[in-house]
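Two complexes follow with subunit A in common, the first pairing it with subunit B and the second with subunit C.
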Partner chain A sequence: MEMIRAEQVRYVYKTKYQKVEALRDVTCSFETGKIYSIVGESGSGKSTFLSLLAGLDLPTAGSLCIEGRDIRTINRDKYRMEQASVVYQAFHLFPLLTALENVAFPMTLKGVPVKKAREQAKQLIKKVGLEDKILKQYPQMMSGGEQQRVAIARAMASGGTILLADEPTGNLDTKNEVHIVKLLKDLAHRENYLVIVVTHNRKVAYETDMILCMQDGALIEVQENG
Partner chain B sequence: MFYLHTIQCNMKRNKTKSIITVCICIFVFLLFDLYFNNIYINKIQLENLADIIPIYCRVTNLNGSLETGLVISEDLVRNLQASPKVKDPAFTVRMVGGVGEFPLDDWKQKLNLSVVGANTVSAIAGLSQEDIRVEEGAADFFTSTKPVCIINASIIEKYQLEIGDTITLNLFYQYYDERKELHYSPLELMPLEIVGAMEAVFSSTEQMPPDVLLPFEVVRESFHRREIAFSADSASFYVADPLQLNAFKKEMKSLGFLNRTPTAEYSYQGIALSVRDTTFRTLASQLRQSIDTLQSIFPLICIIVIFIGYIVSFLLISSRQQEFALMRALGAGRRKCFLLFLIEQASLIFLGEIIGGGAAVLLFRQASVVATAGNIFLFSYLLGCMIALWRMGKTSVMQALFCTE
Partner chain C sequence: MVRNSIKQMLRMPVRGVSFLLLIAASGMLLTLGAVLWITDNSLVRSYEDTFITIGTVEQKAFSVQQVTRWDAERKDYQLRQKAVYSKLLPVSLLFFEGADYIHEPEKRSYYGSYAPDYTLVSKVNNAELATVVAEISPLEDCIPDESVKVRVNKVFFGSPSLEGTSLWFCNHHTQNPKPLQKEKSYAVVLILHSWAHGAHYEAEAGAGARTLEYIPGETAAIQYGPDGMLMKDSLEREWAEDSPYYEVTDGFYDTDIGQRLLNAAKGLYMYANTQPVTGTNATILLMPFYNGDAYISEGRDIGEEEYKEGKQVCLVPRKFAENNSLTLGSMVHLRLYYTNNKNTAGQFFRPDGSGGGQGLLIDVNGKTLSVFEDSQYTIVGIYDISYGADQGSYSMGGDEIIVPVNSIKNRDARNIIAYGPMMGYTTSFQIPNGSIEKFLAAWEKYGTEELEITFYDMGYSQIKSGLENRKHMSLVLLVVGLLMVSFLLLFYSHLFITNQKKRTAIERCLGMEKKKCRRSLLSGMLILLLAGSTLGCSLGGVLSRHISIDLNQVYYDASYSSVADVKAKDAPKVGSENTVLALVTSLSATVFIILFGVGISIIKIDQNLKLEPMELLSEKRRE
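Showing the complex of A and B:
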């Protein structure tokens, strides 16, 4: 089922000295139950495109539709809270919250009572393959792989079906990289998530169902993996 | 519930930052309150200055050389007594007298008593309330209209009198002729009840106290009975409201008082006024200047507090920019994030203000000043904090969280 459709998406931002055209006429679509990767050189516009997909900004031109509705017409805060979650290369967990509190946070933000949110957070942490001992640990006490799993659990906590990942394995060793990629694939194939991964890593890209190649802000190739 | 829980957790987890914020607020609030307290103290001192340094006025002749032995017209006396701008007016009328009736030719031998009519004890130089002993029921002697008198203890002894006796005095009033020579003329033979005695007190600078004291109104009535123009010998008083000195001077001018002119001819006419306001004016102008200066820097003080609020908040929350961006990325609206941080900061500022306020009340003991200062401080500091939060709110979530390409 088509979840996101980008049509001729352009994105221009201004720096102090110049205008930068970060995205040029990007057209593509994303379906639930699949995992996509966006690859390209640094500065090719991958992360910018991901942030537009996350609703953190609006395209300068073109249209970006979520379940058939233009992103300009929807409440983007609500969209991020209920539908789309982002996983970052640097994990970005709240440093002063424990793993359990980090995962419970999006739920409390939505108004779920703290106790209930923590119960659900426990289950999600288990689901991403972490043990109970991690629950009360602060991010700085965890390994990179553990932090990224907690971040994925937090993304799942919003209850949405769109998971956007910006270089999710960028700070991980090979062993953890494999675990995280497997986890993301499982989410797409078993839990019917739409997973979009921005990566430099060709190995990770080949694990996904579809590879989108970007260059200088344009989508130059879409490659389906067998 | 979300706000309460999150704010509570944030405060606990950012314990050091929270404590620093509270401590800075206490310190800044104490300084702010000190400023307000300074204005308040200066204002109180100015208000109380009139009581501490009352402005004393004395009627003099035109060249200012004479303060007693004057001729102060009855109109002037009456106007001074009626003026609301005059406080505690004190008048005397000086006469001479002799005991009992005697032929007019014998006045040189018989007029051996100095008699003064006064409306208050302070009108008589060198005499205080402690020097006077009056019988019960005669406490209002100076305002009495009955024919009563207080006599010097030595005179009582000389004439073997007692308090409660009646003494008949042959009173003579004094006046000046056109050549400014002093003359005495009979006023009245007056039987007077002795209601008190006074000690003879000698003052090196002032005139000798009189032998006999009479109530001022009794003497005035006597003049009226004899249809003789009444005049007071000396007059002094205080300015009722020293902070309205200009209005007072205007009123005195309208009553007919002239400015002292040292070059004027010597006379006995009490028509000039000596206003001893130098000390009061100096202190009052110093206090006023101090209040004006303090009040003029009020906007600057507020700006400084806003600036401190801004700098402190900015420095302490700028390290939490990522936290802010992350909350935004998780779907918290800009307003929600702003409110969350604002309530957290406001709670800490309020806590600092409460502790600082308590300390200020203990130190300065002026709760009303602390309350006023507290409101303005809270508003100013919070405004600074809001500007810092607004700046933080402008952080690009994309830049804060995504990998730079």
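Showing the complex of A and C:
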């Protein structure tokens, strides 16, 4: 099912001295139950596109529809809270909250009672393959792989089905990279998530269902993996 | 959300505790400085109102002259020193450029009011014995160059019981007095003088006996013109006469001198029924009121407007009010008939009823002085005199009434019986507190060396300088407190907010609305701010109250211990006001710190929120 559709999306931002066209007429669509990768050189517009997909900014021109509704017309805070989550290369967990509290955070934000949120958070942590001992650990006490799993669990905790990942394996060793990619694939294929991964890593890209190649802000190629 | 925020704040204990303690310390300094500064300002204002600076003026004698006078007892001339003035300087010399007065200089007169209807303390004295107008005859022919015994044939003024008795008489200050003949009668003003002396006395009373003698008084009038010049007596001849006693012959009392003596008796009778009245422009210019020896114990002072407009209101001494059943609002009948422009009433009318004479109180034509001002005054205040405050010139006189000088319409140049130079007890003015140096600098330029000015400020200069120092210290505390608060809020908002911009970005990415992000970041800091500022400001309040009370007490003691009790009621209050002030200030300081902190936090949070979350959270800048 088509979840996101981008039509002629342009994005221009201003720096101190000039205007930069970060995205140029990007047209593509994303379906649930699939994992996509966006690849390209630095400055190709991958992260900017991800930022628009996360509703953190709006296209300068063109349309970006979420479930058929233009992103300009929807409550983007609510969209991020309920539908789309982002995981980052640097994990970005709250350093002063434990793993459990980090994962429970999006639920408490939505008003889920603390106790219930913690229960659900425990299950999500288990789901991403972490043991109970991690629950009370602070991010700095965990390995990179563990932190990224917790970040994915937190993304899942929002209850949405769109997971946007910005270089999720960038700071991980090969073993953890494999685990995380598998986890993301499982989310797409088993849990029916729409997973979009921005990556430099060709190995990761080849694990996804579809590869979108970007160059100088334009989508130059869409490649379906067998 | 708030819970998570507080949780995160609590998990930075070093930052949290240090912020709490430092904000408490700066809140304490801020409150302490503010309370002390406000207290000091209010104290300075109170002292401005309570303290009074007056100057008294005295004309310096041009030279001292030696004068001689015969002393019959020592059979030799006695040397006396007499101050000589080049001329009597006018008060107008005190009006010069740079002289800033609250109450302009005045040279006060006191007036004699003929008050036969009132009970006066001076009536109970022995004035009637001290000066007598009588006819006397010697018991034998004699020359009164020593004490001789005379019989009192008739008393015109004085105790009637003297009539028919004998007393000792001596023309004490005349070397060769006129002889007295036994069969003749002489009219004379007798003045009680000193111990009787000489061969006659010792032969009769025995050596070592002590009896007072009378000497003959002058029969010439002492009356001054408005220019302060002594007026010429119509009997100038007698004025120079050494032996002012006159043989009574048929028709003597129809003669000028006979009439004069009878009028002198009437004048003395009036004097015995005289009540002193002082005219002024401000009660505080009277030294006894200034130094607290006299104070209004009932009713009120005469108001500025009343003084200015010359309203017929007065202040009376308690004893006079009690002796005459007068209360506030009662009317006092004043009949002024002489003016003394040289002395204070205290020099002649003592509160205990004793006092001295002031000549014959007749004019230069030998007539009795006529009443020149006959008015009714309303009592607005009753004053008391501190026990033991009788200091002669600088004291209030017995029964002395104070009135606005402007209320005495005919005050100028009427029946002036004494006129002298400006003296500290008759001439004074009031200047603003703390302006002595400025005044003296101007006086240095425009004044004259013949006038000596003495200032009294109740120690205001020292206290003001102490308070100014204290004000500066409290201002330093206040500024340091403010700077500390500002610095801490900026520094810690950087730590707690700016440094947490990634946290804000994560929260935004997780869908937290901006207003919730604000609340999230603010809540933790606000709790610490609230706790720290409340703790610090309360401590500051308590501390400042104690310090303030202690210091104020020091100033209070320094300021009022030497001033009469009456001043104490005007003194700045210490205690309860400080508690309220400390409470209000600490509350205000707490609110200020919190609002300031919230303001800075919101600015910083908004700066965080302006940043694009993905940009912050991505490892790379925009791609």
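In this section, the second predicted complex is superposed on the first by the 226 of 226 C-alpha atoms of A that agree within 3 Å, B and C clash if a C-alpha of one lies under 4 Å from a C-alpha of the other, contacts with A are read in each partner's own complex, and residues count from 1 in each chain.
To be clear about the criterion, contacts are C-beta pairs under 8 Å (C-beta built on N, C-alpha and C of every residue); 3 or more make two chains touch, one makes a residue touch a chain.
Just so you know, these numbers come straight off a predicted model, no measurement behind them.
On the shared subunit subunit A, the superposed partners subunit B and subunit C overlap sterically. Of the two partner chains placed around the shared chain by superposition, subunit B is the only one that A:P113 touches, whereas subunit C remains out of contact. Of the two partner chains, neither subunit B nor subunit C is touched by A:R5. In the superposition on chain A, contact is made by A:R80 with both subunit B and subunit C. When both complexes are overlaid on chain A, the residue A:D57 reaches subunit B and subunit C alike. On subunit A, the surface patch touched by subunit B in one complex and by subunit C in the other comprises residues 42-48, 50-51, 54, 56-57, 77-82, 85-86, 88-90, 92, 94, 96-97, 101, 105-106, 108-109, 114, 154, 158, 166-167, 170.
Residues 1-2, 5-6, 9-10, 13-14, 322-323, 326-333, 397-398, 401-403, 405 of subunit B are the ones touching subunit A in the complex. Residue ranges on subunit C touching subunit A, taken from their complex, read 1, 3-4, 7-8, 11-12, 502-503, 505-506, 508-514, 516, 612-615, 617-620, 622-623.
Of all residues in subunit A, only 13, 20, 22, 40, 42-48, 50-51, 54, 56-57, 77-82, 85-86, 88-90, 92-94, 96-97, 101, 105-106, 108-109, 114, 154, 158, 166-167, 170 touch subunit C in the complex they form.
Interface residues of subunit A, counted against subunit B in their complex, comprise 42-48, 50-51, 54, 56-57, 77-82, 85-86, 88-90, 92, 94, 96-97, 101, 105-106, 108-111, 113-114, 154, 158, 166-167, 170.
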